[in-house]
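Note that the chains take the letters A, B and C in the order they are written out, and that residue 1 is the start of every chain.
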Amino acid sequence: MTDAPEETGTLFEAPPMAEQERMVEAVLFASAEPVTLADLEARMPHGSNAAQAVEMLQKRYDGRGVRVVQVGDAWAIRTAPDLGFLMQKETVETRKLSRAAIETLAIVAYHQPCTRAEIEEIRGVSVSRGTIDQLLEMEWIRLGRRRMTPGRPVTFVVTPQFLDHFGLENARDLPGLKELRAAGLLENRPPPGAMPLGEGREEIENDDQSEMFEEE
Amino acid sequence: MTDAPEETGTLFEAPPMAEQERMVEAVLFASAEPVTLADLEARMPHGSNAAQAVEMLQKRYDGRGVRVVQVGDAWAIRTAPDLGFLMQKETVETRKLSRAAIETLAIVAYHQPCTRAEIEEIRGVSVSRGTIDQLLEMEWIRLGRRRMTPGRPVTFVVTPQFLDHFGLENARDLPGLKELRAAGLLENRPPPGAMPLGEGREEIENDDQSEMFEEE
Amino acid sequence: MNDNLFSEDPVSVADRLAAEALIVDVDGFEGPLDVLLTLSRTQKVDLRKISVLALAQQYLAFVEKARALRIELAADYLVMAAWLAFLKSRLLLPPDPNDEGPSGEELAAHLAFQLERLQAMRDAAARLMARDQLGRDFFKRGQGEDVTRIRTVTYSATLLDLMQGYARIRTRDEFRPFVMDRDAVFTMEQALERMRPLIGFAGTWTDMETYLPEGWDADPVRRRSATAATFAASLELVKEGHMEMKQSDTFAPIQLRKRTDT
């Protein structure tokens, strides 16, 4: 029972898919946090196909009290949202986010990767250190790559924890993302001439953003 | 979605059994502790039959990766026992032995049985407790007979595991031992002047050592 | 300029009350853009079709009122007021053909874009927060089991490590790596040590063979080792720039001399 999977793996064939599905089921049930396919396969016997097993499992739980959901490149089991009322006991009181924090979060999510100057330009007001810190602390946003513009400002992107919290498979699933983009509202339109707001902000290429959402 | 169960309960029939089963599934999944039937029914809409729903759920999970099990008078979802091995993934990391450990090990191997004072005399520096402990823990050295000298110090000898690891049949097979001996490198010369370490050792030394190397 | 500004557009009493409420509530605003967005709602039109001129006038009235009421306004608000006054003049006056800067229409269009974008982000934020949330509407496993990685560290050492370790202790003063059949091996380090002082005297081309150490030329095994080491050491000295090397033909003797260039 404590055989390392590697050992058995070299000696035997991968187990049948039904068995692989059971294995994925056991690991996903046991873990509170999402588990990546890579981690699943590392735990399963050599030659296993975690992706296929997860897909089968997801179908099996369709319509049940718990669901198999994708979170970024990982998978998790979560209760069906329509049964939330049963779980009052489990409800965690989350800190009430300020309006500034909620808006900042939305701006990062929809515009990521996004610099602080960009957040400030969109909101028309400076962003307090505390607001960003709170979101970082909640692990809903994290630092992304530095922008290749003068000053090399840091960017912010949303995290897998953010996706998990809002039940999103990935950042492309953000509600209304397509419409907003079609309306040109996610563009970083440089202001004509000087502007009183968000002054001193450098030109921003849009490369980063498309990369972020179009990948895979 | 946020309807209080009491309201629906008094106005409507209990939900169909399939729905009750979903509810039990979600609650058992999300609860931090096993849930009693009474607690289940308190959460579910009025008129629900938790016992029957649990039984149905238990049947559904029969043979799956997780099982519905009774814990005292409460119910919980648990990993199927045969899949427990998936929960703990062992990764083996190989690290180089520290220089101090290698030198200490080499001294024990070439000079066994060998006291700590002798190791220190040969290395010219004191040997930390941790180094000896590490080698003992790795089962590459073990305690030998006490030396019949004042203080009756313990001696260290190498183990069969040591020989196994280095592919040696016995300590005499240590390559270069003869050559080193021929070159006079293995003479345990007392340090010039006084003999603060390993005193009184000369007489016994040769017996022990020959015994150790010549046996078998 | 105060109330009569509002009368340019027929504004309802309710709207006017709302606009005045802004003043009292100035602390509740998230900056001038937020005020503008709130003001623009009174126009009850698509943000793209908003009258920036009317908006500028409303904002300026707002700032005037705040001043009259001696309400401290942050610098941001005053900068925006100055900019809007400038924009208003641009929009009202006929365009100056000699002016380089962006036209009033361009500036107004960008302000409208900013307002629309801010509104869009607020709507998006509201939609995001209205989603089912973990720990509120759906839940993770309450009793997670121990899913761990056990990291076992094994230490490794080879026989060579062991022997080198031992040789290191026994020859601490003149450390050399321990080599089993040392008496038949001449190392490059030994050759280098031997050649360094000698090469200073080699002003003319000399066969490399003459540099072989004494007593190493009889036994073929020893001779081979010494030759290889001497050759390697020679290359090293050439690389260091102390020496030159030549071979006139294949298998011809290799010759060495001190490097003489300045």
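A few comments on the model shown:
Rule of thumb we're sticking to: a contact is a pair of C-beta atoms (placed from the backbone, for glycine too) under 8 Å apart; a residue touches a chain by one contact, two chains touch by 3 or more.
Being a predicted model, the structure only gives us computed values, none of them experimental.
Both chain A and chain B are touched by C. Looking at B-C and A-C, the interface holding more C-beta pairs in contact is that of A-C.
Centroid to centroid, with C-alpha atoms defining each point, chain A and chain B lie 36 Å apart. Centroid to centroid, with C-alpha atoms defining each point, chain B and chain C lie 40 Å apart. Inter-chain centre distance (chain A to chain C, centres taken as mean C-alpha positions): 22 Å.
Among all residues of chain B, those that touch two or more other chains are 1, 26, 29-32, 79, 87-90. Multi-chain contact residues of chain C, defined as those touching 2 or more other chains: 137, 139-142, 145-147.
Note for the complex: chain A touches chain C at residues 27, 29-33, 35, 76-81, 84, 87, 90-92, 94, 99-100, 102-103, 105-107, 109-110, 121-126, 164-168, 174-176, 180, 183, 185, 189, 191-193, 195-197. Residues 1-5, 21-27, 29-30, 42-44, 64-66, 77, 79-90 of chain A are the ones that touch chain B when the two sit in their complex. Touching chain A in their complex are the following residues of chain C: 30-34, 36, 76, 79-80, 82-83, 101-102, 106-107, 110, 113-114, 116-118, 120-125, 127-129, 131-142, 144-147.
Residue ranges on chain C touching chain B, taken from their complex, read 137, 139-143, 145-159, 161-163, 165-172, 178, 180.
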